[in-house]
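Next come two complexes built around chain A: one with chain B, the other with chain C.
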Partner chain A sequence: MSSAVPSAGATAVPVSSPAEVPVSASVRLRLAALARASALATRGVVGLDAGRAGMRMTASVGLRVDGVVCAAMPGGRYQVSVHLVAAMVPLRQLADAVRARIEREAAIAGLADRLGRVDVAVEDVQVRTEEARP
Partner chain B sequence: MILLLRTLVRLLGFLLLIALALAGLGLALAALLGDQLGVQLRGSAISRWLEGLEGDDGLVLEAVIGGGMVLLGLLLLIGALAPRRERRAVLEQGEHGTLDARRRPLAQVFTALAERTRGVTQAKAKLRLGRRAGHGRLVLRAERPRTTESAAVREAVRFDIGELAADFGLKAQVQAPLGRRGRRVQ
Partner chain C sequence: MSETESTRTRTRTGEASEPAKGSSSKAISRSGDEPLSSELGSTTIADAVVTKIASIAAREVRGVYDLGGGTARALGGVTRSVGIGDERMQGVTVEVGEREAAVDLTVVVEYGESIPRIAGALRENITRRIEGMTGLTVTEVNIAINDLFFPGDEAAAEPARVD
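Up next, the complex of A and B:
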């Protein structure tokens, strides 16, 4: 959940759902949008964080996905880094759940063979005393 | 802090380079073409100041300025040489990907966990991460009321945070001093 105005790709329109990304868009952007939606739909993820300067994002053809960095790997796959704000939940299980959901959504979108490793970076934790221990 | 020092390095570096270039140009011109330009360094204020520095007179102002410049130089060195990448606590690293966390939120998690422990009135976690992934040190200060034993509180806190600290490869040290009066037990 970045409160800062992104500096890089600031003119690009932020994407909040994969449906907003045209099919003709790059695989990189489609994977990033898919990863963002998957992460946000995972229980225990409070939000995504693009960083103070808004650099943690993926931009292409005037569109921008905040909080997800998608980078090309050898072999035509893309490495996805999800920068998230977590609730007070077990982090290892949270990362597994995020990865599983991204993989499932990528398979549904026909991008399973383009998805590489998925890194999960916990940028912040929303601490609430009434929730379960991590 | 490091970001501030980096900005300072860039700004001062730029200004100092310009000042140095102009001063060098001026001195070179004065040395080479001093007679034609009517500039005479001998007997000038700069010359007298340098002679004063060589003398035995106590020059407090110059010493303060000199010390300040040394300090500034050290700060500039830190700003220029400090590692650019933020150290992160790595929980897992494998072929499927990496799971890591920033230092500050992780310290907040440890603080929150300790504050839930029975007998703790207030807690504060300090986290230092090593250069290598999976190495670090956690110092947790858990304040307690007079009615509780220090050893018992330390043990309880260690039990509550131990698993998570071990997952991140952190060596945990728990302190349980008496808290300030008026704080309530969780």
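Up next, the complex of A and C:
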């Protein structure tokens, strides 16, 4: 990514997948991108919600991941909070599926030892999923 | 029919004739199977989610014409016309805790329908939907019948002033 990109979260470039995050990026940002991609790949997830002011995000060095908040925990791990917009499906099972997928993908990416709690917040539901998808 | 003259049925779960608020009765209550929080992480369901589920469940009940008081419905019409409103949120207030939820509804029913039947069906359907989708235990579904809808009310709208 270009170093000309401003570092402030609001003007940072949104990231949708881990592939868009450079290897040199922070673990925090890599985990956030991984969590976002994992959540979006889970059946029943319509989208992620960054909130009205767009404050639910993780930003670092000119990049930002919307809808995921990644915060440092003691011991070098990161707590990941994922804010979902869901379809009309059983939400508790959906949250468990998202959590499991994030843990699985983190293990594949070699980040399992850096992943802490995964909190899932269902912020909204959409009656017809086709309305949200482009 | 104004709200002050309206037929008002405010029934607490498990105490059909008791209008008192703050009851601890939980006749509809069903325990969730699993905790919403563990060392692996927590699951949070936003109030707006429960509100939307309750509203959709209420509209599924036969005899429910609309949700919301007169003012809410009038404002809802205006906000919808400019594309910022969501009718699914009007007439429904929820309180959501970590494991339980309580729902307050304001309902317009169709004239001729049995209000006790509608109230019972609302309570059952809303509880089933919320518990099924969120795992939260529904402790209360409080229903205020705000107005009656008469067939033909919509047709009596103001005639067009131009041809």
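Everything below uses one rule, namely that the second predicted complex is superposed on the first by the 119 of 134 C-alpha atoms of A that agree within 3 Å, B and C clash if a C-alpha of one lies under 4 Å from a C-alpha of the other, contacts with A are read in each partner's own complex, and residues count from 1 in each chain.
Rule of thumb we're sticking to: contacts are C-beta pairs under 8 Å (C-beta built on N, C-alpha and C of every residue); 3 or more make two chains touch, one makes a residue touch a chain.
Given the structure is predicted, the values throughout are model-derived calculations rather than measurements.
With chain A as the common reference, chain B cannot sit beside chain C without a clash. In the superposed model, A:125 lies in contact with both chain B and chain C.
By the document's definition of touching, neither partner reaches A:68: not chain B, not chain C. When the two structures are aligned on the shared chain, A:117 is found in touch with chain B and with chain C. When both complexes are overlaid on chain A, the residue A:89 reaches chain C alone and has no touch with chain B. When the two complexes are overlaid on their common chain A, residue A:40 makes contact with neither chain B nor chain C. Once chain A of one complex is fitted onto chain A of the other, the partner contacts of A:59 are absent, as it touches neither chain B nor chain C. Annotation: chain A residues 88, 91-92, 95, 99, 117-125, 127 touch chain B in one complex and chain C in the other.
Put simply, chain B touches chain A in their complex at residues 88, 91-92, 95-102, 105-106, 108-109, 111-113, 115-116, 160, 164, 167. The touching residues of chain A, counted against chain B in their complex, run 88, 91-92, 95, 99, 117-125, 127, 129, 133-134.
If you check the complex, the residues on chain C that touch chain A are 32, 34, 36, 39-46, 48-49, 52-53, 56, 88, 132-135.
Contact residues on chain A toward chain C in their complex (touch as defined above): 80, 86, 88-92, 95-96, 99, 117-125, 127.
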